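Got some structures for you, see below.
Shared chain: chain A. Partners: chain B in the first complex, chain C in the second.
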Partner chain A sequence: MATTTATISISSSDLMPGSPLNISASSVLMKTGITTGMELMEMGNAEIAKDYEAQLFADGPATDNGAYWIYICNTTTEDSTYYIEYKLHETVIGRLYAGDWMFVPYNASDGDAEVEVKGLIGINKIEYSMFKTAWTLPAAES
Partner chain B sequence: MATLIPTLTLSCADATADLINFSVVNNLSVTKNIVSPSKIKLTTSDLEIGPTTYGKSYVYLKNTDDTIAINVEVTDGNSTMQLAAGEFAFFPWTGAAGIVVHSASGTPYLEYAIFEA
Partner chain C sequence: MATTQATINVSSDILSYPISISKTMTMSKAANPSIGLDETTGLRTKKFTSTTAAVIVEHDELTDDKAHKLYIRNAGTSKSNFFFVAYNASAAAADTAETIGKLYGGDWMLMPYDGNVNITVASSTASETQYLEYMVFADGIVAAKG
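Coming up: the complex of A and B.
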């Protein structure tokens, strides 16, 4: 088993006068069942042009409440107005503008539980990774 | 306008021969509504923590329980994320669909914050 540790800090000195914000949290990425560390991962980077919609990972493994983690970062530096939107389970969750990132545990609850991105403005460069409980490569075409 | 600085660090020395060790940081503008870090007790009944009155926002969630999972739905009935014991999430949210949470069982506590851009 591998030990992959994710740590987040969220800070702000001016959100509320006299009360600086300092959130910190850490988690070891565990397979479903929270006793074994995740070992399987898929990483990459890509360009997402305006109006192009892409599926980042193969269809989910149809594991209800299976543990997976997704990281997506819009690494575009050319223009701060460039952005993509991302979908989990066919639902638009949010937009990632140049420099934005997200990191969430993803519920791969069925084979249609996809992770998709769509370019809205500009040619966006993204990097992404998924940490997985289980992973079967797509079967070869005959 | 306030500046929110989220930083994510991922590290692993033993998953592959190549060490994983990276960090990403961002500077976000927060100009509207804020839900300061809050802690609530959940049940198996749905509870909306992020109403659609919000616009573009950034959301932080953390399951503070040691054993019980928390389900997160961004449209009703669609369990988009599951926070296992101790897990957290940070993501941009459009506000177009509400954020609903409930426990998988029992009464775990959820820590959360919402920052509207």
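Coming up: the complex of A and C.
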């Protein structure tokens, strides 16, 4: 069994004056509902041009309502105003600006919940990973 | 202006060579990325004893179309029980449009959030009490609401 550990620390000395903020958490990523570590993953990088909408992860190969984890980082350094939108199907969830990262669960909810990103300003460079419970590669064309 | 930094580290032996992800970001405003986020809804803890969906972030407290960040952690330890987390006005279930994913015991998430729709959660169990921690790092709070 593989072991994948994700930790986060969030800190700020001045977001809440007089109350320094220090959050830390760690989790071992497990397959759906069991205590066996995830054993599948993929990762890559890409450039997302302005107004280009890309499907980052199709939900077809995933198990519906499974346990998956997505990491995306906008590694753009050219201009801090560049950003992409993170979308599920056609719904915008949030903006990932140059230098921002995100780490979220994904459950491939209903066979129609692909993960998409769209460039809004500039050419954005991203890095991404998905940690998976199960995944079926597309069949080869005959 | 405030400075809030978030660092992620992921290590894994899934592949035949070590995987190591390490990134730090400074949370910044959409209108001016050189200015740090300087508002928050505060760190909250909520207890769940039923599977009824609950809104944990009301979008009308936040300015629309901004660079908010949302941190959520399932404070429990059970890897059988979880929370559905959804970007939806009132629902959170397996196939709610749009369900973001499931947080099992100990799992955490940090995501960008545009503040246009509520964030709703639902516990997977009514037989065991579950606790959720969450915090919005806000790029604008509506004064009359927040």
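Note that in this section the second predicted complex is superposed on the first by the 134 of 142 C-alpha atoms of A that agree within 3 Å, B and C clash if a C-alpha of one lies under 4 Å from a C-alpha of the other, contacts with A are read in each partner's own complex, and residues count from 1 in each chain.
Methods note: a contact is a pair of C-beta atoms (placed from the backbone, for glycine too) under 8 Å apart; a residue touches a chain by one contact, two chains touch by 3 or more.
Here the structure is a predicted model, which means the values were calculated and not measured.
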| item | value |
| --- | --- |
| Room on chain A for both chain B and chain C (clash or fit) | clash |
| Chain B versus chain C as contact partner of A:Asn45, first or second or both or neither | neither |
| Which superposed partner A:Ser12 touches (first chain B, second chain C, both, neither) | both |
| Partner chain in contact with A:Ser27 - chain B first, chain C second, else both or neither | both |
| Residues of chain A touched, compared between chain B and chain C (which is higher) | C |
| Which superposed partner A:Thr81 touches (first chain B, second chain C, both, neither) | second |
| Chain B versus chain C as contact partner of A:Gln55, first or second or both or neither | neither |
| Partner chain(s) touched by A:Gly94 [first = chain B, second = chain C, both, neither] | both |
| Residues of chain A contacting chain B in one complex and chain C in the other | 2-16, 21, 23, 25, 27, 30, 34, 38-39, 41, 65, 67, 71, 73, 88-89, 91-97, 99-107, 109 |
| Residues of chain B that touch chain A when the two form their complex | 2-16, 20, 24, 26-28, 30, 34, 36-37, 56, 60, 62, 69, 71, 74-75, 78-94, 96-97, 104, 113, 115 |
| Chain A partner contacts - residues on chain C that touch it in the complex | 2-15, 19, 21, 23, 25-26, 28, 30, 33-34, 37-38, 40, 42-43, 66-68, 70-71, 73, 79-80, 82, 84-85, 87, 94-104, 106-114, 116, 135, 137 |
| Chain A to chain C touching residues, read off their complex | 2-16, 21, 23, 25-30, 33-35, 38-41, 43, 64-65, 67-69, 71, 73, 80-81, 83, 86, 88-89, 91-107, 109-110, 113, 129, 131 |
| Residues on chain A engaged by chain B in the complex (per definition of touch) | 2-16, 21, 23, 25, 27, 30, 34, 38-39, 41, 65, 67, 71, 73, 85, 88-89, 91-97, 99-107, 109 |
